[in-house]
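Dropping the structures in below, format is structure tokens.
In the two assemblies presented below, chain A is common to both, partnered first by chain B and then by chain C.
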Partner chain A sequence: MDAGNNRTGRIDFLAYGFIAIPVMAIVVFLFYPAALAMFGTLFHKRPDGGLAFDASSYIFFFTDPYSLANLMRTLWTTFVALVLIVAVNLPIALYMRFTRGWLASLIQGLALFPMFVPGIIICYALIRYLGPNGWLQSLLNAVGFTHYASPITTPWGPVIGLIWDGMPMTLLILISGLGTISDASIEAARDVGAGRLRILRSIILPQITHSILIVSALNFLGFFGQVLMPFMLGPTNPEMMGPFMLRTFVSVRDPLQAATQATITFLICSLAGLAYVRSLANRKEER
Partner chain B sequence: MSTLDLIDVTKNYGIVTAIEPLSLSIGDGELVCLLGPSGSGKSTLLRIIGGFETLTAGRVLIDGIDVAFAPPEKRPTAMVFQSHALWQHMTVFENIAFGLKLRGFDKTEIRRKVETGLSLVGLQDYGGRHPAQLSGGQRQRVAIARCLVLEPKILLMDEPFASLDQHLRDRLREEVRQIQKTLGITTVFVTHGQDEAMSVADRIVVMSMGRIEQVGTPGDIYATPATPFVAGFIGDMNMIPVMVSNGHATIGGLRLAASVADGPATLAVRPEDLTLGGLDAAGFGAAQVTRMVNYGSFFKVTALLAGTEWKVQAPKTAAVAQGQSLPLSVGRYQLFRDDRMVFRSDVG
Partner chain C sequence: MATHLRMDRRDFLRLSAAGAAFVAASGAQIGVSSAAEGTLDIFFNSDTNIIDFWTNVIKPGFEAANSGVTLNLVPGGGGSGVNALADRAMAAFQAKKDPQIDMLEATTPFYPAGSIEAGLWVNFETSGLSNQPKVNPVTVQSPFLLPYRGSQVVLMYNADQVKDVPATFPALVEWIKANPGKFTYARPDLGDSGACFIERALQEVTGQKPDLFQPENYTDAYANPMFEKLWPLLKEIQPALFNGGEYTSGNTASIQLLASGAISMTVAWSDMALQAMSQGVVPETTAVAQLQDLAFTGGFSGVVVPTVARNKDAAIKLADYIISADVQEKVVTDLGGFPSIGWDNLSKELQEKFAKVAPKSIPVFPGTWEPKLFEGWYRNVASNIKQ
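And now, the complex of A and B:
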């Protein structure tokens, strides 16, 4: 083996050494217990000590109206929050990409602000502001509007909280995606006769589909498994999968059913994860 | 017939003046180069014509119609950008067809026009490719075709070949000139390369610090620069401080006729208008050859006279050697004073 190969060999060994510890930690503390839990939902111990295939917990989940209602509520909240978070952040990202000045900086600061606020504080702030007898209701009462119905106790409560919580990451990814579109390509579109909406539809959006896909996938993962926001905001029946799992495990003390709920959540989130990984792979290929 | 008239066009950014009030008329089918160093205002002026910059004052007339405050999409202009600005998610065909679709052409007409545009730039078989699959020169050709299919009244080109290598630049430059002549399209071409301007332009507008220094044909600009800036910017030029008295400019034994008022002036002489070793040259000075560089067909000689370095272009056959002291004589020359030309030897 010549010196070059020796050198390469050493570098490879060093690289494997570097990644070994985190990979081991992930395998030992995450993959192994997760696999064990998932395995445990399908294979139960028989009285004689052997293992038997048993899908009864899944059958229960998919035949139990309450569990299904919780799953539907989780899907509804996730998709609504996903659509709204892109709809809210895209115009802000566009404004920040194509405008310079103090107002753009101020908006950027405000939009990234939630990143530095713990989720629990955001929940309390939303309850105090939007909740029943909160500041907004008091303000509206003061101007004579007495028909305010707080969204905090409705399914929209978690949606508002999730949008607030996911806003900084969404904005950063969208701005980064928009940053790859050159000013000249926008000017070229204007030059051939495209108006603003046409530029958005035909030039900008097709070039940030990767960013939108990444934002959607990451937020899907974050929203679907959320515990804090749906626990603090929104109705308790039906509830989202996060608090449902927590309650099944801690209050109902049914670890098998909690693990089944977690496995179903994991499988649904895997689809979003798959979309994210595919998007990254496609991007690499294009480059 | 498409003409472009700029009347008192001015551009300020706050208190900074990017373009001082300037006027310029460009005739039908003419190719005019805006030439100047970085920061001279040439690109800003082009962007004002294209509608990408709002002018502070003045008028931009295309065929007599003022478009000064019309947005780019409403102007009969098309611009080729330095970075080609192709849309990466579209194929070559879609890039070229985009503007035609916006203009409401039907599919058959779009296909015909795109194919004509592609064949004009020699890319007939590239319609299905994406920009990432093309070379730099091919991308710029697509950008040119994208503009040409729209049949603009004025074609604007913002340093279109700046990112290409010299060989490709030379080739594309000739191709563009040929296409421009064939179509007879009025064109404004921005460049900071004097060679590029000299080789493609019908007229050159030399700009500096937001002002027009001189407008003229390449030959005029080279032969009779109107200001010291133009003299120094276009081609090689010796700019030598001299003293004029009694109708003659003198420096280190050189004595040149100069029918201007007495006082200091700047002598401007091209290297090819200087001769080393001419025995019967009138008014020569003795110059010491300090450096010689072989350029193949000629020597570029640096000679020292009166403490000043003179660049001389000597033919291959000249009997010149480094270290020699030889008489230096001047052929054509100009004198500048107060930033303007005051004397031309060939006019008197």
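And now, the complex of A and C:
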């Protein structure tokens, strides 16, 4: 008994040692500079060398219609993309959970394909395909449809790009969630005469709420801070927070305002992060 | 400053594409550069076409003439990446250590602030470059920056659809309004060609006097009345731009729109336009033109050398080599750029061939004006919010 305890103690120590390396790296290279930047948005150096509390950059952000319009556009893009990505991927995941065969494998391969294509390539490909005078428009013209309006440089451009980009991860998580549902429970429901919709609503959906929550939280984080898709595919204005921050920092050269925008972005994203962590914790308790 | 910003933004797409990864990437590259004797570590701010030019033209020529010297050409990761390298050079300078940087390309000696006064950069006017007297004085911004290639913004258009290319700015505005949806320019912070367009518009509304805009004379009080005249003009043409008022996300994106036939005319960098035309990525009928009343602004890219560089002498020798007539002729023929030395130093044949496009002076718009100008553009032109 004693020996066993000792051994676990040693293993724990070793385990903490292993964890310490990435944790230290995160603290030193991520938490510390991020905390420093956030602190700097609220406390400014006074000429006499002391620190003074000053929330003027936040007041500016929340009273500036331009900044607020950018924040609203970011929220709109994030939520629309989020709803659509679940709506698109859930049926595919269901299909792949309940079907075997070459077609399902093919669809799985296709759905995971975006994972292996870098974002910048996707952007240029989408511009070529969906853009003005692109392939899609040419194809539609060929069959006599001439009212095509390209989504590129409209708010729908980044939504399409984000859905493409977020698809593999979403699908993998949904499939793994569906994998935990036992065939027996579905067959039992079928035996007592439940229809397909009924099975979906009462058996499947309740069991994958966690997966949907996780997918939503992770995609929220990915979408909200996106830089590439919005400025490659989106309109000039309003901007999403990612390009807005970058432009404020690099072009306007206003590090204080950029850090303020980043802090606000962080606070909003941390809500999604919280939802994710809570969902994980709940799941553990249930087990 | 202007040149520096220019390159910044031209690399902006690539920079942002790589996102945070670029920091890690350039960090990794820094880690492996060994600052060996005889290996020159040169970091680039410019696009890959320029690094190709160095790889194919400058590196073989210089290494053949100087045995034992190797050029290590490293992409610097865009504007902020190169600024970080300049910061490192400054830190090494203060600590009297080897910065492991022998040359920075397409940047300026003005960053970090105070680095010139501290003595971080080599003064090319007093370091005995044999080709220095040939340098065209209009290209020189500072003795600590050696210009070696220039380019200028031009109108790039499809001659099939544009029969009478506008020769003045008012004529260009008229053309835009008469051909709705057929013209656009890049967002000023993402594509310098777009920046040059609004800067030329600013010069137009203030009476075509480029001298009004100096690197050190920007103040809000001085600039705002001029900006107030600029916004209405740009707002007025906005509905006649591509897609009812949409701007492209960069120099390449502008050329792509022209290539797809979605627009008939845009503004582009001369070197990128000439390259696109020689590569055949735009229709055969594509042509370039310059405004005749007052040319679009342009800029020269140069190199800086830290005084504490391990291979400083070899780096100065290399600086002398890149402004030699041999390399400068290649800048014209291979890069589609302008030479930084006087045209009379180049071959007669080249002089005659380029007599028409060779600008006597390239107007440069000061970079110090750009942050406020671009931010104002986003707020007053691109956005419909009433301030």
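The rule is simple: the second predicted complex is superposed on the first by the 278 of 287 C-alpha atoms of A that agree within 3 Å, B and C clash if a C-alpha of one lies under 4 Å from a C-alpha of the other, contacts with A are read in each partner's own complex, and residues count from 1 in each chain.
Quick note on the criterion: contacts are C-beta pairs under 8 Å (C-beta built on N, C-alpha and C of every residue); 3 or more make two chains touch, one makes a residue touch a chain.
Not measured: the values here are computed from a predicted model.
Once chain A of one complex is fitted onto chain A of the other, the partner contacts of A:P65 are limited to chain C, with no touch recorded for chain B. Of the two partner chains, chain C is the only one that A:P132 touches; chain B does not reach it. Contacts of A:A93 after superposition on the shared chain: neither chain B nor chain C is touched. When the two structures are aligned on the shared chain, A:M232 is found in touch with chain C, with no touch to chain B.
When the two structures are aligned on the shared chain, A:I122 is found in touch with neither chain B nor chain C. Within the superposed three-chain model, A:A194 lies in touch with chain B and out of touch with chain C [touch as defined at top].
With both complexes placed on chain A, chain A has more residues touched by C than by the other of chain B and chain C.
In the superposed model, A:S202 lies in contact with chain B only, and not with chain C.
Residue overlap on chain A between its contacts with chain B in one complex and with chain C in the other: absent. Across the complex, chain A meets chain B through its residues 182, 184-185, 187-195, 198, 202-203, 206-207, 286.
Residues 65-66, 69, 119-120, 127, 131-134, 150, 153, 227-228, 231-232, 235-239, 243, 246-247, 250-254 of chain A are the ones touching chain C in the complex.
Contact residues on chain C toward chain A in their complex (touch as defined above): 8-9, 12-13, 16-17, 19, 79-80, 187, 189-190, 242-243, 246-247, 249, 253, 256-257, 260-262, 370-371, 374-375, 378-379, 382-387.
On the chain B side of its complex with chain A, the touching residues are 50-52, 71-73, 77-79, 81-83, 85-89, 98-99, 102-103, 132, 143, 146-147, 150.
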